[in-house]
Structure formats: structure tokens, C-alpha cells
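Each remark here refers to the structure printed beneath this line.
Letters A, B, C and D name the chains as they come in the text, with residue numbers starting at 1 for each one.
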Amino acid sequence: MTESIGFIGLGNMGHPMAINVLKAGYNMKVYNRDLSKTEKIVEAGAKRGIRPDDVVERGGIAVSMLANDEALEAVTLGHDGLLSRLGPGGVHVSMSTVSPALAHKMHELHEKEGCSYVAAPVFGRPEAAAAQQLWIVEAGNAAAKERVRPVLEAMGQGIFDFGEDPSHANIVKISGNFLIASAMESMGEIFTLAEKNGIDRTQVFNMLTQTIFGSPIYKNYGQKIAEKNFQPVGFPIQLALKDINLVLDAAEQARMPMPFASQLHDRLLSGIAKGRGENDWAELTRGIEDEAGIE
Amino acid sequence: MTESIGFIGLGNMGHPMAINVLKAGYNMKVYNRDLSKTEKIVEAGAKRGIRPDDVVERGGIAVSMLANDEALEAVTLGHDGLLSRLGPGGVHVSMSTVSPALAHKMHELHEKEGCSYVAAPVFGRPEAAAAQQLWIVEAGNAAAKERVRPVLEAMGQGIFDFGEDPSHANIVKISGNFLIASAMESMGEIFTLAEKNGIDRTQVFNMLTQTIFGSPIYKNYGQKIAEKNFQPVGFPIQLALKDINLVLDAAEQARMPMPFASQLHDRLLSGIAKGRGENDWAELTRGIEDEAGIE
Amino acid sequence: MTESIGFIGLGNMGHPMAINVLKAGYNMKVYNRDLSKTEKIVEAGAKRGIRPDDVVERGGIAVSMLANDEALEAVTLGHDGLLSRLGPGGVHVSMSTVSPALAHKMHELHEKEGCSYVAAPVFGRPEAAAAQQLWIVEAGNAAAKERVRPVLEAMGQGIFDFGEDPSHANIVKISGNFLIASAMESMGEIFTLAEKNGIDRTQVFNMLTQTIFGSPIYKNYGQKIAEKNFQPVGFPIQLALKDINLVLDAAEQARMPMPFASQLHDRLLSGIAKGRGENDWAELTRGIEDEAGIE
Amino acid sequence: MTESIGFIGLGNMGHPMAINVLKAGYNMKVYNRDLSKTEKIVEAGAKRGIRPDDVVERGGIAVSMLANDEALEAVTLGHDGLLSRLGPGGVHVSMSTVSPALAHKMHELHEKEGCSYVAAPVFGRPEAAAAQQLWIVEAGNAAAKERVRPVLEAMGQGIFDFGEDPSHANIVKISGNFLIASAMESMGEIFTLAEKNGIDRTQVFNMLTQTIFGSPIYKNYGQKIAEKNFQPVGFPIQLALKDINLVLDAAEQARMPMPFASQLHDRLLSGIAKGRGENDWAELTRGIEDEAGIE
């Protein structure tokens, strides 16, 4: 018998992800705070709920993909939250980029209800989600992970398992975002050094990414930074600051300084102060130029 | 008629590079301060000189591969320096990682003598040099570059041209080293964050390098850092500090802060203070653990 | 008629402050979570309450001196909190070092009940409190401040007014703590530079504090740091980190980087990671020596 | 018999210092590269030399007050340098802010000639020099220091001795300048935090300098920074960067990171990049506002 999936959160990422699950043959009931965003997927065959607990079956599978800690708490807890319905045997696959601390708290609250919280945050932009090319990092109860594996496979090109503690998947996820931002800052510094010396930024970019730095991150973000072309906005500076703050909070809990993260924090925060909060996070590198006196 | 090459500097890098030039069919005369290091290449067919100017022909090609600014000045300038012999039409291919400022000065001194200074620093470890797999960054007089191109091709897998100003090649080279060190620091920070949270460092390494950070730098250095296995020493911390100082000097000349470079400077300097100056530069990441209270 | 004061919080700071208010002739009722700490002041003439709301009169004056945000919320809000009793016309003089955000929230909650929240954090150690030598920074409703001024005068040697918004007093207070920590870090850096060059740390300290840096902060903390003598513990590293985090949170709200504060954060956090969390905050400077390879 | 003094360097600082020595009754012969600056002191009774070695007597006392390492080397070494004349028994009192490394080199060169190099850099602005209110930090040969003590007393209000190694005095001097710049950055950060929260900068300045930060440095520079009034220029940003670079060089030699110094370096360097190199060093704090998005 086919599993039924309750899918919550149909934003830029959640929508294509849900479509892929639907295409894989699952019955699906969807919830989104802004109901208008559910039209397309309902046409494609999903049913619509009007509250989070509407879309979940007792002992079933819920998948959520939301913007931040607050949104995840809102759809999960409270009188019409999905947790009130999920019950014994149920599995909540939480794919949002949230704090490790919230993952931990959710884990405990789900256990209390006899169900499982599987953290499964993803790497990839909306295009990758549409193409079923996400990379998924999962952690949680082993049996629950096995049960939901086909669902995850419908959304990604690869799944990396980090054990039973859901917060571990979130630590890995935010670590990856930090690594991307670090690569951007370091490219920004050398492209600016090149520019100030009369060397073409793009030529430096080409050389490095055709040789020892040929990974997608360096190629994709490096080009934007080399060319100072930050359109379209994939991920805004203010969300990037949120993620770097999650990293710094985790480092604070773990009792360790992360000086590159602190530097990125200041770079992003200053970007917001200068009115660039809605711009793409690659534009954090404009702060390097400001400090160098480039107009 | 085959060109004759005067090759100066037969260290860990210079030796395999010279061997490859010799294999390509050039006549070669070599000089090294420590004469004992010339034995093997003399057996392979090179002639030996006992002073730098010994190995150079008027109007010929000299190739140098040395440890730092001081060494390059020593073999080039002065009464027995190669510049005293090279003369009109000659080309000095300088492959060492030296300061952009010295490249600029050398350029002017060579021009005065009617010869050309082509900067051609390389990316790659000794194994890559032996395998003819270096990446070469060149800049200098166009005709001179054309003349020496087959020599460079005998040593590397690819050549990237950065125009007529030799110092530009050196800026790009030291920028690359900075980019590598930044990647190491950022990996070190997240692997330590993982460790302090009970997550396996190597598992995080595997996930990232199998997905969005799959370039050689992340794979090779990342593995050392994840496993805390810093043997053998490829490039020692004290030479890495020298290169980061070259970057910071160039940034000072260009009037721009480079906060990641400043952070790396402090990390490397502290490593030396703690007695790790001879260790591999990947071990800069041990400073992260020290600050985190990991024994 | 003499005002009656409800005094809440009799720790190292609160106790001598309350004693001074009592000596000034006020009727006083005291509350402390650990009742044993109230004995001495009860002998001196105060009455004891067993709940926060016990010690407050409707329309009266409450003074609180507590460790952190959580403690202030605990005694103020909730069913037995002082706010439940204080009522119209009452004034709550909050002298704790708490977050500007909490001050703001308290201000609104008190206004709703028709009473006033006056923030009045202090500068000074327990000895200064005992000697009536505190410096007090106040902000809040003008009439309320005028009413409680004699009470404040009984505790300090000077009062600085920062207007009607209570959170402003807290911003100034935590700014002062940041300024002290910055002075300590900068002294630590030069004393270590002196030491590594064979110059006597104390001699450098003497010279600077006898000339251009002759203020109490430089004299008192500088001596501890120069002599590496951090006993007794006046203010522990972990509370200092709490205060620097309050500064960084305020800077985040205000959208501005504070690089010195970020550096101090890392220094203090690393101190805790190394097991020094209970030590005096002047010991943050030991991190400088660690990085310099001094055992 | 009265000693004869050869005084070299009559800039903003050197001129009032020389005047005070002359007033104390010494015979004086002066040299300044720009001869026009010697007119006033010649009217006051000094004799004029046209080369550095002109003004020095064999076995006599030379005093120099110059802008930087290069200037000190120029007047001391070379065929018409003072060292060529000074000879056995002579004393060179070097009051410039130069690098510890140069002090060390000068010490050795003077010893070779049988004379003494006494480093005696000063704290104080031109007004303080005129008022005989400088603070002097000295180090060098004991007998030489005793001989020149009355000369130093004619220029300052206090002398602090740091032993026999002249470079120690220079380390202390540049450490003092670093401490001043640190105080400025930290004040700049909190005044900006105040401003962004609607709190008056000057009120915060008043409170802090009337209580726990009442030293001249905080009062004088703090007022400029609080009021954003950076006129007149006492000490320009580019000279401040020179001094911070001397500190960082000394720290590099000593093998220790100085993170506050690195941060100040970037602040000053960015100030120059933005066209503020000739402005007063207190204006380094404008960088804080730039990053905070304040126009």
C-alpha cells in the first residue's frame, strides 16, 4: 500500500520538492500558510489542508520545509500543530535549515508522543530541487530513516547519514553554509587585490577554477563575485546572517571560537546596515571593496 | 638548433622540473648552492656550473626556482649573478614564489640589461612537478614568453597568461596560496565544531568533498585536517607565513584590508610560537583546537 | 513620612547597597531567594519577606539587584512577582546589568500596570558598594527618577542621567564593561610583547599608568595583568562573556559590527573552553600568552 | 664647563624641544634638512650647521628628533652622517619613534665607533613639548644616560628608564601608541552603538571620563571622537599606520599575534584607502560608522 505524505511548506524550495514526491507516486496532502501557493500542486493531484494537523495521518509521514525556527515551531507545536496529530509510529521529516538546539528540542517532544523526528536538511538551490538534484543530510531514529528513505530519494541525488541525533544533521548543514560563505569572502579578497593591481578579476577566477578550485561552489559563486553580477538573488544576505548566527550559537554552546565565522558575521551585518539585506549573499564581498576605497 | 637552458635551484621542486626540461631534449647546465644536489641530474645528462653566471649563455634562457626573495636576489644580482651574463636578448624565467615588489624590481633591472624577466610561478607539490602536472602562471614580455613557452610546457599541464607585468603573475600565485590556507582554516573550524558535538570529522569531510566541495584542494588538505594526520610535510608553516606576509604586503601597497589573511597570519605565527614552524601548513588548524580547549 | 523600600537581591553587590539604604533611614523589607543571606540585614533592622511580592507596597518603591535577565524576570513577573503588587504610582528601580531588550520589555509591562521602571545599573565592585562609592547610570520616567533620587544617592557617589528610555541606561552600562575588557586586552597584548622582548611587564605598567593612562581601570586591572596575579576573583570570565554577548546582541539589533567586541568574545569563550570560566575576567589576557607559546 | 649640544631635526616636535634645551643654558648647534626652519632658533642663540656632521663635536652630545627610520639613518650614517664625527665618548640621544630593529642596529654601529646610542622617545604633542611636559622613555648605556640626563630634564616632566638595551625604549614607545589607538577604537565602537540607539555620544563620553576612565588619553581623544571633530590634525593616520606596523613587526619578531593591533592596522589602512591618510588618527573611528551604514 502506498504511504500518504503530509507536506508542509511550499516556498521556493518546498514546492519543487513536494512535486517530486508526488511524481514518485505518493498520495499527498499539503499545507501552506499562504493558501494560494497550493493551487499548482493541487492541480497536479495533491489534496489541500487548511491547518497543519489537517494534512497528517496518525502514524503517518509528515515532511516540512520552512524558513526558520519560528516557522517550524508554529506548524509543529500548538493546538493545531502537526505533532498534536502525528502520534505513535509517525515520522516527521524536517528538511528546514534550523538551529541544532531546536532540532534537539523537537526530537525530545516527538519522542514524548511516541513518534520520530528525522532531520533532513538539504544543499541546493530551487533549480536543483526541481531537478531532483539536492544533497540531503539526515539524522534520526534508524527505523524511521529507513521508512522515509524512498521519500528522500524522490527529492535528492544523494543522502548522507549522520546517525541518530537529529541535531547533528543541522550542524552539518549550517557548517556547509559557513564553508560557502568563507569561500566567497576569500575569493572576494583576492579578486579585489587583483583589481587594485590592475589585474582582470575574471582572469584570476578562470585560472583558479580551471585548476585547483574546480568545485561547483567556487565556479558558481566565484563567477558572480568576479563579475560583480549579483542577479538573480538566490539567497539573501539577511538569511545568510541568520545561518551564520546559527553557526556562532552552536560554537558558543560547544565552547569554541570560530574567527572566520565572526568575520563573516560582521561582513553580513554591515551589508544589512548599508541597505543590502535583500541582495544575494555573494554581495557580502562588496564590503571588501568598500573598505578598499573602491566606489 | 636546440636551445640551451641554464637551470638554477634544484630543491624539492626545482629538481623534478629540471629533469622534465632535460627529458624534453634541451641542453642544460645547472647550478645549485649545495653542489651535492646536482649529482643525479648530471648523471642524467646535464652539465654542472659552480656559480650562477656559469650556467647562463649570453642571449640565452635561464630558469630559476628558489625558496624566497633573498635567494633569487643572490643568484641574479651581484658580481657572479646570472644577470651579469645574460645580456641582450636573454630571458630569465623566474618560477619562484617571490614578492610582487621584487618581481617589479627584477623586471626593471633586466630591462636595463636588454634582457627579459618572465615571472612563471607554479601551483603543485613535488609529486605534481615530477609528473609534469604543474599549473603555471606567467607574465612578462610577449616575445620572451613565446620563446620560452616550450620550456614551460615541458614542466606543466597548463599555462595561464597574465600579461606583460611580471609582478601580476606573482600576485596571482600568492593569492592562490592564500585561497588554499583559507580553505584549510574554514574546514578546520567546522571539523572542530563537529568533533565538539560528537560528530565524526571524516564523515563531514566525506560528505562535503563528495558533493559541493569536490576540488583537489578540499579533498587533499581536507583529508589531512579531518584525520589530523599531517605527515609527510609538504609545505612548512614558516614558509606559509612567508607567503601570507607577501599577500599582506601586497594588500598594504594596494591599500586594502584582507581580514581573512590577517587571521591566517595570526594562526600561522602562533603555530610557530608553539614550536610547529617546521610542520605542514595544514597543521595551522591545530590552533583552532587549542582555542577550543582540545588537548 | 519616610518611604518604605522593598529590596530584592542580596548578593555580593545587593547586600552592601541595601545596607546603605537602610542606614540612610528608610524602612526596608527584603527578599532573597536564598533566605539565609537575609539574616545580617534583618539584624540591622530590615524586615524579611518570603516572596518577591511580599516586600513591595502598592504605589511604593522596589529596588532589585540581580545576576541576569532570567533572575530579574523571575522576581518581577509571574503570580508572586513584584509587578503583581506594585500597581499605580509605584516605582521599580532595577539596578542589575541586564539586556537593553529586557529593559525595554519591562518598561512596557510596568507602564501597563501604571507604575514606572527606572533602570539604574551601577559601576563598581562590592568594596565600592560598601563604601557608597558606586557610579549610577539611570534612565526612566522623570517623576519616578526624582522620587527615587535620594535612595540612589544613599548608594553611590554620582548619578548620570540618560533620559526617559530605561534601555539607554543598560546600553551605557554594558558599553562600560566592554570598554574595561578592551583596556585589559590591549594591556595584555603589550605586556606580553614586553615580556617576549625581555622587558619587565610591571615597569611598562608603571610607566603608562603614571603618565597618560592614569585612570582607576588601567591602574587596578593593569596591575593584576602585569603581575599575572588574578586573585581574588572579582568578576568571573563567564559573567564577562554574558556582558560582551549583551553588547554584541545590542550591536546586532543596531546593525553594526564591533570588531573589538567580537575579539573579546572569542578570548573569553576560549578561556571558558580552557577551564577558566570561574576565574577573574582579567585572566582573559592569559589567552594572549597561550597564543604566544608562553607556558 | 657647559656641554655643547648638536640638535638634529627641527620639526613640530623637535623645534620646541630644542628651544627648551637652549633655554636651559646649553651651547647649541642645529641642523635641519630644510634650513628655513632653523631661523627662529638661530635668532634665539643657536648656531646653524649645513650638514649633520657639522653640528656634532668629537666626544660630544648629539640629539636627534626625526620622522622615521629612513630619516634617522640618513642623518646618522653615510659620509656626512653624525656618526662619522661623534667618535669615542660621544653620545647620540635618539628621540624619534623608530623601529626597535633600527635601534638595535644603531646601538651596534655606535658601539663600534666607541660612542653610545641612547634611545629616548617621548610621549606628548607639540604643545606638551613647548611646555616642557613630555614623558620620556630612555634606554642605553648607563654612564651615557647619566651624562645626558640634564638635557632630557630640560625637555620633559618625567623620565622612565628601561635599562641598557636601546630597542626596549622603542618597544615601550610604540606600545604606548598602540594603547592609545586601542582606546580610540573601543570608544568609537561604543559611541557609535550609543548613536544608533538614539543616545547622545557626548553624554556617554562625559559619564565615562568623569568616572572610571578619567585619564588624559580618554579625555582628549574621547572628546574628539564623541563630537566627531577631528581638527586640528595632531598626528595623521598614515603616521599612525607606520607606528602600528612597527608594533606588528616587533610582534612578528617576538612570535606572537596581537589581534587588536591587526584590527587597528586594517582600520587605519582602510582610512588611507578612503582618502583620509592626512587626517588626524582619531578619525580612524569613522571606519566604524562607515561599516554601520552611517553617512
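Structure notes:
In this section, a contact is a pair of C-beta atoms (placed from the backbone, for glycine too) under 8 Å apart; a residue touches a chain by one contact, two chains touch by 3 or more.
The structure displayed is predicted, hence computed values, not measured ones.
For chain pairs B-C and B-D, the one joined by more C-beta pairs in contact is B-D.
Of all chains, the one whose Cα centroid sits at the greatest distance from that of subunit D is A. Spacing of subunit B relative to subunit D, judged by their CA centroids, is 40 angstrom. Averaged Cα coordinates give subunit B a centre that lies 54 Å from the centre of subunit C. Touching two or more other chains at once are residues 251, 255-257, 259, 266, 270, 273, 291-293 of subunit D. If touching chains are joined by edges, the resulting network of the protein chains shown connects every chain directly with every other. For subunit D in complex with subunit B, the residues that touch the partner chain are 251-252, 255-257, 259, 262, 265-267, 269-270, 272-273.
Listing the residues of subunit C that touch subunit D in their complex gives 100, 123, 135, 137, 158, 160, 162-163, 165, 167-168, 171-172, 175-176, 178-180, 182-183, 185-187, 189-190, 192-194, 196-199, 203-204, 206-208, 210-218, 247, 250-251, 254-261, 263, 288, 291-293.
Those residues of subunit D that touch subunit A in the shared complex are 266, 270, 273-275, 287, 290-293.
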